[in-house]
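Step one of this worksheet: look at the structure below.
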(Lines give C-alpha, C1' and ligand atoms only; values in the text may rest on other atoms or scores of the structure.)
Protein backbone atom coordinates (compact mmCIF):
# COMPACT_ATOMS: atom_id res chain seq x y z
CA UNK A 1 0.00 0.00 0.00
CA UNK A 2 1.72 3.18 -1.18
CA UNK A 3 0.43 6.51 0.11
CA UNK A 4 1.63 9.84 -1.21
CA UNK A 5 1.47 12.81 1.19
CA UNK A 6 1.26 16.48 0.26
CA UNK A 7 0.81 19.21 2.88
CA UNK A 8 -1.52 22.13 2.05
CA UNK A 9 -1.32 24.49 5.02
CA UNK A 10 -2.63 22.46 7.96
CA UNK A 11 -4.35 19.95 5.68
CA UNK A 12 -2.60 16.74 4.65
CA UNK A 13 -3.61 15.34 1.26
CA UNK A 14 -3.04 11.58 1.14
CA UNK A 15 -3.20 10.03 -2.31
CA UNK A 16 -3.62 6.25 -2.43
CA UNK A 17 -1.31 4.96 -5.17
CA UNK A 18 -2.71 1.40 -5.26
CA UNK A 19 -5.68 0.62 -7.46
CA UNK A 20 -7.48 -1.35 -4.73
CA UNK A 21 -8.32 -0.89 -1.05
CA UNK A 22 -9.64 -4.34 -0.25
CA UNK A 23 -9.71 -6.69 2.73
CA UNK A 24 -6.13 -7.76 2.05
CA UNK A 25 -4.87 -4.19 2.11
CA UNK A 26 -7.27 -2.51 4.54
CA UNK A 27 -5.29 -3.29 7.74
CA UNK A 28 -2.10 -1.79 6.31
CA UNK A 29 -4.00 1.20 4.94
CA UNK A 30 -5.67 1.80 8.28
CA UNK A 31 -2.41 1.55 10.22
CA UNK A 32 -0.71 4.02 7.89
CA UNK A 33 -3.59 6.49 8.13
CA UNK A 34 -3.93 6.21 11.92
CA UNK A 35 -0.21 6.80 12.22
CA UNK A 36 -0.66 10.13 10.35
CA UNK A 37 -3.65 11.10 12.49
CA UNK A 38 -1.76 10.29 15.68
CA UNK A 39 1.11 12.49 14.49
CA UNK A 40 -1.43 15.34 14.58
CA UNK A 41 -2.76 15.37 11.01
CA UNK A 42 -6.44 15.76 11.89
CA UNK A 43 -7.45 17.61 8.73
CA UNK A 44 -7.11 15.12 5.89
CA UNK A 45 -8.08 14.83 2.27
CA UNK A 46 -8.08 11.24 1.04
CA UNK A 47 -7.44 11.30 -2.71
CA UNK A 48 -8.93 8.16 -4.26
CA UNK A 49 -8.46 9.23 -7.88
CA UNK A 50 -6.10 6.32 -8.61
CA UNK A 51 -8.28 3.73 -6.86
CA UNK A 52 -10.74 1.72 -8.87
CA UNK A 53 -11.96 -0.77 -6.29
CA UNK A 54 -12.85 -0.47 -2.60
CA UNK A 55 -14.68 -3.22 -0.70
CA UNK A 56 -16.53 -3.01 2.62
CA UNK A 57 -13.31 -3.66 4.55
CA UNK A 58 -11.62 -0.75 2.79
CA UNK A 59 -14.61 1.45 3.47
CA UNK A 60 -14.61 0.33 7.11
CA UNK A 61 -10.97 1.38 7.38
CA UNK A 62 -11.82 4.85 6.04
CA UNK A 63 -14.63 5.12 8.62
CA UNK A 64 -12.16 4.12 11.35
CA UNK A 65 -9.95 7.02 10.37
CA UNK A 66 -12.83 9.44 10.74
CA UNK A 67 -13.60 8.02 14.19
CA UNK A 68 -9.95 8.36 15.21
CA UNK A 69 -10.00 12.01 14.17
CA UNK A 70 -13.24 12.54 16.08
CA UNK A 71 -14.27 16.11 16.86
CA UNK A 72 -10.67 17.35 16.50
CA UNK A 73 -10.74 17.64 12.73
CA UNK A 74 -12.14 16.30 9.48
CA UNK A 75 -11.61 13.86 6.62
CA UNK A 76 -12.81 14.62 3.10
CA UNK A 77 -12.74 12.25 0.14
CA UNK A 78 -11.66 13.44 -3.31
CA UNK A 79 -11.57 11.81 -6.73
CA UNK A 80 -13.83 8.83 -6.01
CA UNK A 81 -15.32 7.62 -9.29
CA UNK A 82 -17.03 4.59 -10.85
CA UNK A 83 -17.31 1.63 -8.51
CA UNK A 84 -15.69 3.58 -5.66
CA UNK A 85 -18.22 6.42 -5.76
CA UNK A 86 -20.95 3.82 -6.13
CA UNK A 87 -19.86 2.07 -2.93
CA UNK A 88 -20.12 5.32 -0.95
CA UNK A 89 -23.60 5.85 -2.40
CA UNK A 90 -24.82 2.25 -1.83
CA UNK A 91 -23.71 2.23 1.79
CA UNK A 92 -24.98 5.80 2.24
CA UNK A 93 -21.50 6.75 3.46
CA UNK A 94 -21.73 9.64 1.02
CA UNK A 95 -23.79 11.33 3.76
CA UNK A 96 -20.75 11.05 6.02
CA UNK A 97 -18.07 11.76 3.43
CA UNK A 98 -19.30 14.17 0.80
CA UNK A 99 -17.48 13.17 -2.40
CA UNK A 100 -15.42 15.92 -3.95
CA UNK A 101 -14.50 15.73 -7.60
CA UNK A 102 -11.09 17.32 -7.05
CA UNK A 103 -8.57 17.69 -4.27
CA UNK A 104 -9.06 21.47 -4.49
CA UNK A 105 -12.77 21.17 -3.74
CA UNK A 106 -12.04 18.81 -0.87
CA UNK A 107 -9.43 21.19 0.55
CA UNK A 108 -12.02 23.94 0.81
CA UNK A 109 -14.43 21.72 2.71
CA UNK A 110 -11.87 20.49 5.21
CA UNK A 111 -9.99 23.75 5.86
CA UNK A 112 -10.01 24.74 9.56
CA UNK B 1 -19.71 -16.59 -36.98
CA UNK B 2 -21.13 -13.54 -38.75
CA UNK B 3 -19.61 -12.55 -42.10
CA UNK B 4 -20.49 -9.32 -43.87
CA UNK B 5 -20.18 -9.34 -47.69
CA UNK B 6 -19.62 -6.32 -49.93
CA UNK B 7 -19.06 -6.66 -53.69
CA UNK B 8 -16.47 -4.38 -55.31
CA UNK B 9 -16.57 -5.19 -59.04
CA UNK B 10 -15.56 -8.84 -59.27
CA UNK B 11 -13.96 -8.78 -55.83
CA UNK B 12 -15.94 -9.86 -52.76
CA UNK B 13 -14.92 -8.21 -49.50
CA UNK B 14 -15.79 -10.43 -46.54
CA UNK B 15 -15.61 -8.76 -43.15
CA UNK B 16 -15.50 -11.06 -40.13
CA UNK B 17 -17.81 -9.57 -37.50
CA UNK B 18 -16.70 -11.84 -34.63
CA UNK B 19 -13.72 -10.87 -32.50
CA UNK B 20 -12.18 -14.35 -32.63
CA UNK B 21 -11.45 -16.99 -35.27
CA UNK B 22 -10.45 -19.89 -33.07
CA UNK B 23 -10.68 -23.67 -33.14
CA UNK B 24 -14.32 -23.53 -32.02
CA UNK B 25 -15.28 -21.22 -34.88
CA UNK B 26 -12.84 -22.25 -37.61
CA UNK B 27 -15.00 -25.06 -39.10
CA UNK B 28 -17.99 -22.75 -39.49
CA UNK B 29 -15.81 -19.96 -40.86
CA UNK B 30 -14.21 -22.30 -43.38
CA UNK B 31 -17.56 -23.71 -44.53
CA UNK B 32 -18.97 -20.22 -45.04
CA UNK B 33 -15.92 -19.08 -47.00
CA UNK B 34 -15.73 -22.22 -49.17
CA UNK B 35 -19.40 -21.77 -49.98
CA UNK B 36 -18.63 -18.27 -51.32
CA UNK B 37 -15.64 -19.55 -53.30
CA UNK B 38 -17.70 -22.39 -54.78
CA UNK B 39 -20.32 -19.85 -55.85
CA UNK B 40 -17.57 -18.33 -58.02
CA UNK B 41 -16.12 -15.66 -55.73
CA UNK B 42 -12.46 -16.38 -56.42
CA UNK B 43 -11.18 -12.86 -55.80
CA UNK B 44 -11.61 -12.20 -52.12
CA UNK B 45 -10.54 -9.66 -49.56
CA UNK B 46 -10.79 -10.97 -46.01
CA UNK B 47 -11.29 -7.98 -43.72
CA UNK B 48 -9.97 -8.86 -40.24
CA UNK B 49 -10.25 -5.35 -38.80
CA UNK B 50 -12.79 -6.45 -36.19
CA UNK B 51 -10.89 -9.59 -35.20
CA UNK B 52 -8.53 -9.49 -32.27
CA UNK B 53 -7.61 -13.15 -31.93
CA UNK B 54 -6.84 -15.90 -34.44
CA UNK B 55 -5.32 -19.24 -33.46
CA UNK B 56 -3.59 -21.83 -35.65
CA UNK B 57 -6.92 -23.47 -36.49
CA UNK B 58 -8.30 -20.15 -37.70
CA UNK B 59 -5.17 -19.53 -39.71
CA UNK B 60 -5.39 -23.05 -41.14
CA UNK B 61 -8.94 -22.30 -42.27
CA UNK B 62 -7.76 -19.16 -44.08
CA UNK B 63 -5.04 -21.21 -45.79
CA UNK B 64 -7.69 -23.76 -46.86
CA UNK B 65 -9.62 -20.98 -48.56
CA UNK B 66 -6.55 -19.98 -50.56
CA UNK B 67 -6.03 -23.59 -51.60
CA UNK B 68 -9.67 -23.89 -52.66
CA UNK B 69 -9.30 -20.80 -54.82
CA UNK B 70 -6.10 -22.20 -56.29
CA UNK B 71 -4.82 -20.66 -59.51
CA UNK B 72 -8.27 -19.29 -60.40
CA UNK B 73 -8.07 -16.20 -58.22
CA UNK B 74 -6.64 -14.66 -55.09
CA UNK B 75 -7.27 -13.93 -51.42
CA UNK B 76 -5.89 -10.83 -49.74
CA UNK B 77 -6.03 -10.01 -46.04
CA UNK B 78 -6.89 -6.51 -44.81
CA UNK B 79 -6.97 -4.88 -41.40
CA UNK B 80 -4.98 -7.48 -39.45
CA UNK B 81 -3.48 -5.83 -36.39
CA UNK B 82 -1.98 -6.66 -33.00
CA UNK B 83 -2.03 -10.36 -32.18
CA UNK B 84 -3.58 -11.21 -35.55
CA UNK B 85 -0.82 -9.53 -37.57
CA UNK B 86 1.71 -11.11 -35.20
CA UNK B 87 0.36 -14.61 -35.93
CA UNK B 88 0.81 -14.12 -39.68
CA UNK B 89 4.38 -12.94 -39.03
CA UNK B 90 5.26 -15.74 -36.56
CA UNK B 91 4.03 -18.47 -38.89
CA UNK B 92 5.56 -16.69 -41.89
CA UNK B 93 2.13 -16.76 -43.52
CA UNK B 94 2.69 -13.04 -44.20
CA UNK B 95 4.78 -14.27 -47.17
CA UNK B 96 1.65 -15.96 -48.49
CA UNK B 97 -0.88 -13.29 -47.52
CA UNK B 98 0.64 -9.83 -47.66
CA UNK B 99 -1.13 -7.86 -44.93
CA UNK B 100 -2.90 -4.77 -46.17
CA UNK B 101 -3.70 -1.96 -43.76
CA UNK B 102 -6.98 -1.13 -45.47
CA UNK B 103 -9.58 -2.85 -47.62
CA UNK B 104 -8.77 -0.33 -50.38
CA UNK B 105 -5.12 -1.40 -50.47
CA UNK B 106 -6.15 -5.04 -50.50
CA UNK B 107 -8.61 -4.44 -53.34
CA UNK B 108 -5.80 -3.12 -55.53
CA UNK B 109 -3.65 -6.19 -54.92
CA UNK B 110 -6.40 -8.69 -55.64
CA UNK B 111 -8.04 -6.99 -58.63
CA UNK B 112 -8.06 -9.23 -61.72
CA UNK C 1 -24.17 -22.61 -25.33
CA UNK C 2 -23.31 -21.30 -21.88
CA UNK C 3 -19.76 -20.56 -20.84
CA UNK C 4 -18.81 -22.37 -17.65
CA UNK C 5 -15.52 -21.68 -15.92
CA UNK C 6 -14.47 -22.99 -12.54
CA UNK C 7 -11.98 -20.88 -10.64
CA UNK C 8 -10.28 -21.65 -7.37
CA UNK C 9 -7.90 -19.92 -4.97
CA UNK C 10 -6.42 -20.60 -1.60
CA UNK C 11 -8.19 -19.16 1.43
CA UNK C 12 -5.91 -16.12 1.45
CA UNK C 13 -7.23 -12.57 1.23
CA UNK C 14 -4.32 -11.66 -1.03
CA UNK C 15 -5.64 -14.03 -3.70
CA UNK C 16 -9.14 -12.59 -3.85
CA UNK C 17 -8.22 -9.82 -6.27
CA UNK C 18 -7.15 -12.39 -8.86
CA UNK C 19 -10.57 -14.01 -8.79
CA UNK C 20 -12.07 -10.52 -8.96
CA UNK C 21 -10.08 -9.72 -12.08
CA UNK C 22 -10.86 -13.01 -13.77
CA UNK C 23 -14.58 -12.75 -13.01
CA UNK C 24 -14.61 -9.17 -14.28
CA UNK C 25 -13.04 -10.21 -17.56
CA UNK C 26 -15.59 -12.99 -17.97
CA UNK C 27 -18.51 -10.60 -17.38
CA UNK C 28 -17.20 -7.65 -19.30
CA UNK C 29 -18.57 -8.58 -22.72
CA UNK C 30 -21.99 -9.47 -21.34
CA UNK C 31 -22.71 -6.89 -18.67
CA UNK C 32 -22.23 -3.16 -18.81
CA UNK C 33 -19.46 -1.63 -16.72
CA UNK C 34 -21.67 -0.85 -13.73
CA UNK C 35 -23.20 -4.31 -13.57
CA UNK C 36 -19.80 -5.97 -14.00
CA UNK C 37 -18.50 -3.85 -11.13
CA UNK C 38 -21.47 -4.89 -9.00
CA UNK C 39 -20.67 -8.56 -9.66
CA UNK C 40 -17.03 -7.95 -8.79
CA UNK C 41 -17.99 -6.36 -5.46
CA UNK C 42 -20.38 -9.19 -4.56
CA UNK C 43 -17.80 -11.87 -5.37
CA UNK C 44 -15.09 -10.11 -3.39
CA UNK C 45 -17.36 -9.64 -0.35
CA UNK C 46 -18.42 -13.29 -0.48
CA UNK C 47 -14.84 -14.54 -0.71
CA UNK C 48 -13.58 -12.21 2.01
CA UNK C 49 -16.32 -13.47 4.32
CA UNK C 50 -15.46 -17.09 3.67
CA UNK C 51 -11.78 -16.47 4.34
CA UNK C 52 -12.27 -14.21 7.37
CA UNK C 53 -15.26 -15.83 9.05
CA UNK C 54 -15.57 -19.30 7.50
CA UNK C 55 -11.91 -20.28 7.61
CA UNK C 56 -11.05 -17.67 10.31
CA UNK C 57 -8.01 -16.59 8.31
CA UNK C 58 -6.67 -20.16 8.01
CA UNK C 59 -4.82 -20.54 4.70
CA UNK C 60 -4.38 -23.67 2.64
CA UNK C 61 -8.08 -24.31 2.11
CA UNK C 62 -9.82 -23.95 -1.24
CA UNK C 63 -12.42 -21.36 -2.15
CA UNK C 64 -14.10 -22.25 -5.43
CA UNK C 65 -16.00 -19.98 -7.77
CA UNK C 66 -18.12 -21.31 -10.61
CA UNK C 67 -19.04 -18.77 -13.26
CA UNK C 68 -21.81 -19.57 -15.74
CA UNK C 69 -22.45 -17.18 -18.60
CA UNK C 70 -25.64 -17.39 -20.62
CA UNK C 71 -27.39 -14.99 -22.93
CA UNK C 72 -29.65 -13.83 -20.12
CA UNK C 73 -27.56 -13.91 -16.97
CA UNK C 74 -24.25 -14.26 -15.21
CA UNK C 75 -24.34 -16.75 -12.35
CA UNK C 76 -21.54 -16.89 -9.83
CA UNK C 77 -21.51 -19.64 -7.27
CA UNK C 78 -19.01 -19.46 -4.42
CA UNK C 79 -18.34 -22.77 -2.73
CA UNK C 80 -16.47 -23.42 0.51
CA UNK C 81 -16.03 -26.19 3.03
CA UNK C 82 -15.82 -23.97 6.08
CA UNK C 83 -18.12 -22.91 8.91
CA UNK C 84 -21.37 -21.74 7.33
CA UNK C 85 -22.93 -18.32 7.80
CA UNK C 86 -25.05 -18.61 10.97
CA UNK C 87 -28.68 -19.27 10.07
CA UNK C 88 -29.97 -16.27 12.00
CA UNK C 89 -27.79 -14.04 9.81
CA UNK C 90 -28.84 -15.73 6.54
CA UNK C 91 -32.49 -15.44 7.56
CA UNK C 92 -31.94 -11.95 8.95
CA UNK C 93 -34.64 -10.41 6.78
CA UNK C 94 -34.10 -6.92 5.49
CA UNK C 95 -30.67 -5.66 6.38
CA UNK C 96 -30.39 -2.45 8.35
CA UNK C 97 -26.66 -2.06 7.85
CA UNK C 98 -26.89 1.34 6.19
CA UNK C 99 -29.64 2.77 8.37
CA UNK C 100 -27.19 4.63 10.58
CA UNK C 101 -27.15 8.17 11.92
CA UNK C 102 -24.67 9.99 9.69
CA UNK C 103 -24.10 12.70 12.30
CA UNK C 104 -23.05 10.25 15.02
CA UNK C 105 -19.46 9.61 13.95
CA UNK C 106 -18.63 7.36 16.88
CA UNK C 107 -21.60 5.13 16.02
CA UNK C 108 -20.81 4.64 12.32
CA UNK C 109 -20.49 1.01 11.17
CA UNK C 110 -16.97 -0.18 10.33
CA UNK C 111 -18.12 -3.66 9.38
CA UNK C 112 -21.23 -5.74 8.93
CA UNK C 113 -21.76 -4.33 5.44
CA UNK C 114 -20.67 -7.26 3.28
CA UNK C 115 -23.84 -9.35 3.10
CA UNK C 116 -26.00 -6.29 2.54
CA UNK C 117 -23.75 -5.21 -0.32
CA UNK C 118 -23.98 -8.68 -1.85
CA UNK C 119 -27.79 -8.52 -1.76
CA UNK C 120 -27.84 -5.00 -3.20
CA UNK C 121 -25.39 -5.83 -5.98
CA UNK C 122 -27.03 -8.96 -7.36
CA UNK C 123 -30.50 -9.78 -8.69
CA UNK C 124 -30.77 -13.15 -6.95
CA UNK C 125 -28.86 -14.49 -3.98
CA UNK C 126 -29.37 -17.81 -2.29
CA UNK C 127 -27.34 -19.77 0.19
CA UNK C 128 -27.40 -23.51 0.65
CA UNK C 129 -25.42 -25.00 3.48
CA UNK C 130 -24.98 -28.76 3.70
CA UNK C 131 -22.66 -30.67 6.01
CA UNK C 132 -19.16 -29.85 4.80
CA UNK C 133 -20.20 -27.59 1.92
CA UNK C 134 -21.69 -24.12 1.59
CA UNK C 135 -22.85 -22.67 -1.72
CA UNK C 136 -23.65 -19.01 -2.21
CA UNK C 137 -25.32 -18.59 -5.59
CA UNK C 138 -25.56 -15.10 -7.00
CA UNK C 139 -27.21 -14.10 -10.26
CA UNK C 140 -26.95 -10.89 -12.25
CA UNK C 141 -29.43 -10.63 -15.10
CA UNK C 142 -28.28 -9.16 -18.38
CA UNK C 143 -30.16 -5.99 -19.20
CA UNK C 144 -32.16 -6.44 -22.41
CA UNK C 145 -30.63 -4.23 -25.11
CA UNK D 1 3.47 -13.08 -2.54
CA UNK D 2 2.59 -14.90 -5.75
CA UNK D 3 -0.93 -14.97 -7.13
CA UNK D 4 -2.13 -18.50 -7.77
CA UNK D 5 -5.42 -19.14 -9.52
CA UNK D 6 -6.70 -22.50 -10.67
CA UNK D 7 -9.09 -22.45 -13.62
CA UNK D 8 -10.95 -25.32 -15.16
CA UNK D 9 -13.26 -25.89 -18.09
CA UNK D 10 -14.92 -28.82 -19.75
CA UNK D 11 -13.17 -30.40 -22.72
CA UNK D 12 -15.18 -28.32 -25.18
CA UNK D 13 -13.57 -26.01 -27.74
CA UNK D 14 -16.33 -23.46 -27.11
CA UNK D 15 -15.11 -22.99 -23.54
CA UNK D 16 -11.49 -22.25 -24.43
CA UNK D 17 -12.09 -18.56 -25.07
CA UNK D 18 -13.27 -18.09 -21.49
CA UNK D 19 -9.99 -19.44 -20.16
CA UNK D 20 -8.22 -17.23 -22.69
CA UNK D 21 -10.01 -14.15 -21.40
CA UNK D 22 -9.44 -14.98 -17.76
CA UNK D 23 -5.74 -15.70 -18.29
CA UNK D 24 -5.37 -12.47 -20.27
CA UNK D 25 -6.90 -10.46 -17.44
CA UNK D 26 -4.57 -12.10 -14.92
CA UNK D 27 -1.49 -11.29 -17.04
CA UNK D 28 -2.48 -7.84 -18.16
CA UNK D 29 -1.06 -5.88 -15.22
CA UNK D 30 2.21 -7.77 -15.28
CA UNK D 31 3.05 -8.28 -18.93
CA UNK D 32 2.87 -5.80 -21.75
CA UNK D 33 0.17 -6.23 -24.36
CA UNK D 34 2.31 -8.23 -26.77
CA UNK D 35 3.54 -10.65 -24.14
CA UNK D 36 0.04 -11.09 -22.71
CA UNK D 37 -1.19 -11.88 -26.23
CA UNK D 38 1.60 -14.41 -26.64
CA UNK D 39 0.54 -16.14 -23.42
CA UNK D 40 -3.08 -16.15 -24.58
CA UNK D 41 -2.10 -17.79 -27.88
CA UNK D 42 0.01 -20.46 -26.17
CA UNK D 43 -2.73 -21.31 -23.68
CA UNK D 44 -5.37 -21.53 -26.41
CA UNK D 45 -3.19 -23.77 -28.60
CA UNK D 46 -2.42 -26.04 -25.65
CA UNK D 47 -6.08 -26.36 -24.68
CA UNK D 48 -7.25 -26.89 -28.26
CA UNK D 49 -4.71 -29.70 -28.64
CA UNK D 50 -5.84 -31.42 -25.46
CA UNK D 51 -9.47 -31.25 -26.51
CA UNK D 52 -8.91 -32.21 -30.15
CA UNK D 53 -6.13 -34.77 -29.85
CA UNK D 54 -6.04 -35.78 -26.18
CA UNK D 55 -9.78 -36.18 -25.62
CA UNK D 56 -10.53 -36.57 -29.37
CA UNK D 57 -13.40 -34.11 -29.06
CA UNK D 58 -15.01 -35.99 -26.17
CA UNK D 59 -16.76 -33.53 -23.87
CA UNK D 60 -17.37 -33.86 -20.15
CA UNK D 61 -13.70 -34.15 -19.18
CA UNK D 62 -11.82 -31.47 -17.26
CA UNK D 63 -9.00 -29.35 -18.59
CA UNK D 64 -7.26 -27.49 -15.77
CA UNK D 65 -5.10 -24.42 -15.96
CA UNK D 66 -3.00 -23.22 -13.05
CA UNK D 67 -1.78 -19.65 -13.30
CA UNK D 68 1.01 -18.44 -11.01
CA UNK D 69 1.95 -14.80 -11.05
CA UNK D 70 5.19 -13.61 -9.48
CA UNK D 71 7.21 -10.43 -9.80
CA UNK D 72 9.43 -12.07 -12.38
CA UNK D 73 7.23 -14.40 -14.39
CA UNK D 74 3.84 -15.72 -15.35
CA UNK D 75 3.62 -19.49 -15.23
CA UNK D 76 0.73 -21.31 -16.84
CA UNK D 77 0.39 -25.03 -16.33
CA UNK D 78 -2.19 -26.91 -18.37
CA UNK D 79 -3.18 -30.27 -16.90
CA UNK D 80 -5.22 -33.01 -18.52
CA UNK D 81 -5.98 -36.68 -17.99
CA UNK D 82 -6.13 -37.64 -21.65
CA UNK D 83 -3.85 -39.35 -24.15
CA UNK D 84 -0.46 -37.64 -23.94
CA UNK D 85 1.35 -35.96 -26.81
CA UNK D 86 3.32 -38.79 -28.51
CA UNK D 87 6.92 -38.80 -27.30
CA UNK D 88 8.37 -38.51 -30.78
CA UNK D 89 6.48 -35.24 -31.20
CA UNK D 90 7.51 -33.87 -27.80
CA UNK D 91 11.13 -34.78 -28.53
CA UNK D 92 10.85 -33.61 -32.13
CA UNK D 93 13.71 -31.16 -31.81
CA UNK D 94 13.49 -27.93 -33.74
CA UNK D 95 10.15 -27.54 -35.39
CA UNK D 96 10.05 -27.04 -39.13
CA UNK D 97 6.39 -26.09 -39.27
CA UNK D 98 6.96 -22.68 -40.86
CA UNK D 99 9.73 -23.68 -43.23
CA UNK D 100 7.36 -24.04 -46.16
CA UNK D 101 7.55 -22.84 -49.76
CA UNK D 102 5.32 -19.77 -49.85
CA UNK D 103 4.87 -20.05 -53.62
CA UNK D 104 3.51 -23.62 -53.48
CA UNK D 105 -0.06 -22.90 -52.46
CA UNK D 106 -1.19 -26.53 -52.60
CA UNK D 107 1.62 -27.49 -50.21
CA UNK D 108 0.94 -24.87 -47.53
CA UNK D 109 0.36 -26.23 -44.03
CA UNK D 110 -3.20 -26.04 -42.69
CA UNK D 111 -2.30 -27.57 -39.35
CA UNK D 112 0.66 -28.79 -37.33
CA UNK D 113 1.42 -25.25 -36.20
CA UNK D 114 0.18 -25.32 -32.61
CA UNK D 115 3.16 -26.78 -30.76
CA UNK D 116 5.57 -24.58 -32.69
CA UNK D 117 3.54 -21.51 -31.80
CA UNK D 118 3.55 -22.53 -28.13
CA UNK D 119 7.34 -22.81 -28.16
CA UNK D 120 7.73 -19.48 -29.97
CA UNK D 121 5.33 -17.65 -27.68
CA UNK D 122 6.75 -18.68 -24.31
CA UNK D 123 10.19 -18.43 -22.70
CA UNK D 124 10.12 -21.92 -21.17
CA UNK D 125 8.00 -24.91 -22.10
CA UNK D 126 8.17 -28.36 -20.59
CA UNK D 127 5.91 -31.34 -20.71
CA UNK D 128 5.65 -34.06 -18.12
CA UNK D 129 3.45 -37.02 -18.82
CA UNK D 130 2.69 -39.52 -16.07
CA UNK D 131 0.13 -42.32 -16.15
CA UNK D 132 -3.24 -40.58 -16.16
CA UNK D 133 -1.91 -37.02 -16.03
CA UNK D 134 -0.13 -34.71 -18.45
CA UNK D 135 1.28 -31.33 -17.44
CA UNK D 136 2.38 -28.72 -19.94
CA UNK D 137 4.21 -25.97 -18.06
CA UNK D 138 4.77 -22.70 -19.85
CA UNK D 139 6.62 -19.68 -18.50
CA UNK D 140 6.70 -16.10 -19.73
CA UNK D 141 9.28 -13.92 -18.03
CA UNK D 142 8.38 -10.38 -17.15
CA UNK D 143 10.55 -7.91 -19.00
CA UNK D 144 12.63 -5.87 -16.55
CA UNK D 145 11.40 -2.29 -16.59
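In this document, chain identifiers A, B, C and D correspond to the written order of the chains, with residue numbering beginning at 1 in each.
Here, a contact is a pair of C-beta atoms (placed from the backbone, for glycine too) under 8 Å apart; a residue touches a chain by one contact, two chains touch by 3 or more.
Worth saying up front: this structure is predicted, and the values here are computed from it rather than measured.
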Chains contacting each of chain A and chain D, listed by label: C
Contact-graph separation of chain B and chain D, given in steps at minimum: 1
Of all other chains, the one whose Cα centre sits farthest from chain D: A
Distance between chain centroids, defined by C-alpha means - chain A, chain C (Å): 25
Intercentroid distance (Cα basis), chain D paired with chain C, Å: 31
Whole-Å separation of chain centres (CA-atom averages), chain B against chain C: 43
Averaged-CA centre spacing for the pair chain B and chain A, given as whole angstrom: 53
Sites on chain D at which at least two other chains make contact: 14, 17
Interchain contacts, given as pairs of chains that touch: A-C, B-D, C-D
Sites on chain B touched by chain D in the complex: 20, 22-24, 53, 55-57, 59-61, 63-64, 66-67, 70-71, 82-83, 86-87, 90-92, 95-96
Interfacial residue positions of chain C with respect to chain D in the complex: 1, 3-10, 14-15, 17-19, 21-22, 24-26, 67, 69
Chain A partner contacts - residues on chain C that touch it in the complex: 13-14, 16-17, 20, 33-34, 37-38, 40-41, 44-45, 48, 51-52, 97-98, 100, 102, 105-106, 108-111, 113-114, 117, 120-121
